[in-house]
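Look for subunit A in each of the two complexes below; its partner is subunit B in the first and subunit C in the second.
Let's turn to the complex of A and B:
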């Protein structure tokens, strides 16, 4: 578990070394832990309050999907950067049942769990980059990135 | 973390003190739906100032809670949604709905709203 101060983050970025935080997800308590750690990392990088909250909300949704659909998995938080800005990369990974149709799961209003069905399309709107890889029966990995505004 | 519920005349005030897990939210719902008749309350105020994230589960639970409370004869007002939280909720596509008995308070910290009917 690495939570580093601002100076260290910048040094790591300069050296191309990214800090990485692994949060095991197996219960609703872990959902809260994951979003708190994501918030802390975004704050360290100097994200605005609004972007920090958008990121924390996205992490909350992704972590809850793991608990609801796969039972357990992990959230990995990592500092990242493009040419001119730092950002946070979130990888939500599980070995659950996988998603039969990603296209359907990304459609507004679609849900198989009786929830609002806003999960993935909503998360996509909260972040800058969104990727999903899912193998039916093998698990799901969602990777999102949010850049400092 | 349990949410304290205070009785002020015909109003119950639940003040969320810190981030809530899903089970904390369900516990709050259970407590308020039970207490509303016990306390002969006509209105419930839920102060969510301390909530730094209102995700799909939290807003669905609040909406359902307001609906249940209305069926029990009282109105629910949510106060203290932070500006960043409101922004994230709208981006996510969430609403508190006006039609099912849960309305946002006009001002944060309103203590004596008028409850109709």
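Let's turn to the complex of A and C:
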């Protein structure tokens, strides 16, 4: 098991009245649903237009990753808090082949989109927190958080 | 990438997706915007091209709109659509920024490493050789004249080794640059290049003291690169290097009387010359400087480098010690 980034999952759960939204991802249409739900959450929390767009972009890339590398998976969305600052947490989970090397996945040029700064490395630059857990043969979970600016 | 898509395909995709959004396409249409942006980015379509697509689609759509309210609503919805579309460019831009920062750091690290190696070769290998000379002299005292002659042969070879090491160290990074500064280092470099080539190089320098180490290194490397270019490609006979400064800036010009070249806004030619120019620009932008290249076929080449004085002098903000 490889862990990247800092996990603050427990504390967020404790804050917890927020409900989770699960969006199964298997097709382009599902990506639209995940984006829509994410945008709605961000708008509700008062995110700026710019940050809302960046969040939708991150969701698109995460969902695209699921569709292209694992075939299917899910995206879980919920609100979260960092002291007084609200934010949106996105968990992208799949049961795909897993990423053999996370270092490699996060390096530019792993895929054609990577060389343009898209894909997972791109997502990392759009959000405030980024963690990835991947086990070879067991699938990949990417968790990101974006705080209200 | 991989998918060949033309600019006009993208333009009509953009316009269709925008119409879809304005007709109530919702999130699906916004995702369409994002995908168009992604395709455009992968297909090397510039941001300004996208802005132009948006502009012409919007003009057409607004021309068909009725009344102030509809125009206002469509205009604002179209803005959101455009934002979604350029979002992949934002992601990419952040990636390039990180890459530039990483490359600058790498460049600095390499320069430090080169400096360390150059100084080690110069100082430590040099000292070791002195010890070997002394040992040989001692041994020679106990030997027959015939053997002494052979020892002298070895001694001569060692002198050659020492010369090569000195030259290697100097080419990596002249200690004179660190010890005495840019002007003596450039004069020394000019002498050496002159001797190795048929170029006559004139160095004129009027600098007020030492520049910051990073600026001295950058200017030295640029002059080195320019002299290389002049020697290899210019077919000229003379090079004039001038270093001076006025109230606000430090200037360096390198001019030759060679064949010149058709200056290109983006030096894309492969090979060392193009890379050299890119390298020069990158080194300069790291220290806040600019490069102007003037060249015409048959009229030589002139490089003019300007670095704002607040970036080149440690003492520009306070009294000199």
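Structure notes:
Quick note on the criterion: the second predicted complex is superposed on the first by the 127 of 149 C-alpha atoms of A that agree within 3 Å, B and C clash if a C-alpha of one lies under 4 Å from a C-alpha of the other, contacts with A are read in each partner's own complex, and residues count from 1 in each chain.
Here is the rule we use: a contact is a pair of C-beta atoms (placed from the backbone, for glycine too) under 8 Å apart; a residue touches a chain by one contact, two chains touch by 3 or more.
Model, not experiment: these values are computed from the prediction.
With subunit A as the common reference, subunit B cannot sit beside subunit C without a clash.
Of the two partner chains, neither subunit B nor subunit C is touched by A:139. In the superposed model, A:122 lies in contact with both subunit B and subunit C. After overlaying the two complexes on the shared chain, residue contacts for A:96 are found with neither subunit B nor subunit C. Of the two partner chains placed around the shared chain by superposition, neither subunit B nor subunit C is touched by A:73. Among 23-31, 131-139 or 203-211, the region of subunit C with C-alpha atoms clashing against subunit B is 23-31. Overlaid on A, the two complexes show subunit B and subunit C touching the same residues of subunit A, namely 28-29, 31-32, 35-36, 39, 49-50, 53-54, 56-57, 60-61, 108, 116, 118, 121-123, 125-126. Residue ranges on subunit C touching subunit A, taken from their complex, read 1-2, 26-28, 30-31, 34, 38, 41-42, 80, 83-84, 87-88, 90-96, 98-99.
For subunit A in complex with subunit C, the touching residues are 28-29, 31-33, 35-36, 39, 49-50, 53-54, 56-57, 60-61, 108, 112-113, 116-118, 121-123, 125-126.
Put simply, subunit A touches subunit B in their complex at residues 28-29, 31-32, 35-36, 39, 49-50, 52-54, 56-57, 60-61, 64, 108, 115-116, 118-119, 121-123, 125-126.
Only residues 19-23, 52-57, 60, 82-85, 87-89, 91-94 of subunit B touch subunit A when the two sit together in their complex.
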